[in-house]
Amino acid sequence: MFEKCLTNVRSAAPLVHNITNYVTVNDVANAILACGASPIMADEPDEAEDITSICAGLNINIGTLNQRTIQAMHRAAKKAASLGHVILLDPVGAGASRLRTQTAADLLDNVPFTVIRGNVSELKALAIGSTTTKGVDADAADTVTDANLDRMIDFVRGYAKTTKCVIAMTGAIDLVADADTCYVIRNGRPEMSRITGTGCQLSGIMTAFVAANREHPLEAAAAAVCTMGLAGEIGWKYMQRGDGNATYRCRIIDAICNMDAQTLRAGAKYEIRRNQ
Amino acid sequence: MFEKCLTNVRSAAPLVHNITNYVTVNDVANAILACGASPIMADEPDEAEDITSICAGLNINIGTLNQRTIQAMHRAAKKAASLGHVILLDPVGAGASRLRTQTAADLLDNVPFTVIRGNVSELKALAIGSTTTKGVDADAADTVTDANLDRMIDFVRGYAKTTKCVIAMTGAIDLVADADTCYVIRNGRPEMSRITGTGCQLSGIMTAFVAANREHPLEAAAAAVCTMGLAGEIGWKYMQRGDGNATYRCRIIDAICNMDAQTLRAGAKYEIRRNQ
Amino acid sequence: MFEKCLTNVRSAAPLVHNITNYVTVNDVANAILACGASPIMADEPDEAEDITSICAGLNINIGTLNQRTIQAMHRAAKKAASLGHVILLDPVGAGASRLRTQTAADLLDNVPFTVIRGNVSELKALAIGSTTTKGVDADAADTVTDANLDRMIDFVRGYAKTTKCVIAMTGAIDLVADADTCYVIRNGRPEMSRITGTGCQLSGIMTAFVAANREHPLEAAAAAVCTMGLAGEIGWKYMQRGDGNATYRCRIIDAICNMDAQTLRAGAKYEIRRNQ
């Protein structure tokens, strides 16, 4: 199934409209190109509707938001919703400032998101008002472990039910769920957290995956998570003496670029938990 | 001739003012440094005139434009024109939104550009109102091929005549023309389109090339195109197993950095078509 | 001492709020992660206070400033000052436009900076109104050499006394001083100036170093300078045939990532000049 999702991205090459932060935007664009889709970035309110109209998916990332780009998010999302496009929310730093938490909440009130992708701290900030986030990184207390796995799966499925979205909660163990089914994914490496923007890149390619697989948003989101995590594992194998986080950053995008269906099928590590 | 253009960039080291998108801005800066010039980025209207005054060239790129940066473009361009500076327009995504198309049109109405550099879809959107652009990438229908080459050369020369600019239309085959003469350039590799920003980088170094070769804007623009395309060929030779678009992105800038006159002379692939 | 400063960054992992330019922001984030700290970027005035409140240090870089981000700088700095946080000013391009010079001056009038880090041209523009800056790079006339070393040390110590800040003036020879003591540092390589943003990266990691070593801001700032310069030397050793400034950029951040206490102790090249 996952390899079919990847193949569909490569053949459909969906155009993805990104309203995203300026920290990691170049990596998001190259990651989207690497997976076979096309990116366009645009955050001026006066062109938000036009740009999103020619796209298949909209990726809204609230890192380095400002009052102008918040307007663009709302205008683009309203248009994308009216066209039935895939819309993803990446609530970067929700919990870190009232503006970010409120902006994410306002968007959730008004936009029929297809997927929400964030770390544990961000999603807890939105779902239950917890604010233990450490800036844009998940708080150490907010880790999914084998010990708390059942409880976290319940949380993610519950939040999926409340929001009517696919929820992708990423960290050491990734959970991707709708109200009934949860993919528990164990790809990736801890060193990925030493690079800025692996989460942003994942949101970008996830928008492309879901846009190219409209009938299967849960599987497509999970496939994107496996693709990114597996790319982190493959990229790490190419690391040599003297290499660090800057080279690793390139190696991960390279591995997305070279990912093929067979590699993804062989390397994806996940189990499926269904509601009894 | 081309190698002399490169040598002049290295010796004059012109300072280039860039008002450009935040997606590829870092690569634009490093590409300008790689070719031997110096970049400065500034898009606040209140400093646009001051910044451009200390430069030799102005590179206006309308990707991720907003109402503030559009003001900065006009103020910088007016000042640069009054000082007789080289001014380049890169109409990123013209045709993709009314705001981009209109912004490019307004700039063309008011600014004596030296060069316009874009892909086929963008230039057609400006010249004849065609809007088949696929976001920021050229539409597949808009490819220069050997079959339509004569017609495309006529189009580019005609648009150069209308605008009184050098026109650089880049793609699988690159055309760089004034009203009389067209360079048909066949450097580069198709994999360059899997990297975001190779066009933006080219606009940056082209501004430097033309600024350092004021008497020969056509040749300088063509030399920049050959330099970039040849860098794409050389960078590709260094690609190893596991490398993808992120590493290729570095390799191309590296190759610009290491380009010397002899390599450029030996590697440039072009013919010149003159009006009969 | 320097190695202890590095170890403290790694163990404290301070969160650094960056209001910085969009040209080099990704490298700043990855450099901060490489040294063991955590970055957050935020430049909307309406969240500036919230974001800086959860951080340990504030890095204000005026490259690509605009009227909105200038407001954010003031609001964040006022809050950071009230909380006793470390605050660093990087006056990118001071002297290149009246807006940049005035913004830096306004900030200096209102904010109790801990450290100011800039190149010679920028610091001269602020201290004595000299405006020989070549854009964002130091003017060639503004080089610290063995011939003018004593005079430059006096200048830096004098400016440190006037501003009550640690002054880090970086170039071929780096000077880091308070009113009494000056570190003269000779790490680094000239090729670092062919990469955009090594100065910005240094300001980012310096904020982290000083935040993790609150009792010793002078030593911490000097340790950051040695770390960056030494990373430039180590990164250069890994350069291979065909590599240029883009690969070198990655290699430097990689070397920061791999820096350990022993390497820093063995590689730091400096002398200490104390006021007699």
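A, B and C are the chain letters, set down in written order, and residue numbers restart from 1 in every chain.
Going forward, contacts are C-beta pairs under 8 Å (C-beta built on N, C-alpha and C of every residue); 3 or more make two chains touch, one makes a residue touch a chain.
Values in this document were obtained by computation on a predicted structure and should not be read as measured data.
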Chain contact topology (line, ring, star, complete or other): complete
Copies subunit A and subunit C - rotation angle from C-alpha fit, nearest 5 degrees: 120
Copy pair subunit A, subunit B: interface residue numbering same or different (half cut): different
Distance from subunit B to subunit A - Cα centre to Cα centre, in angstrom: 33
Touching two or more other chains - residue numbers and ranges from subunit C: 22, 26-27, 249-250
Subunit A residues within the subunit B interface of the complex: 15, 22, 25-27, 29-30, 33-34, 38-44, 46-47, 50-51, 54-55, 68, 234, 237-238, 249-258
Complex contacts: residues of subunit C adjacent to subunit B: 21-24, 26-27, 63-67, 93, 96-100, 134-137, 194-197, 242-247, 249-250
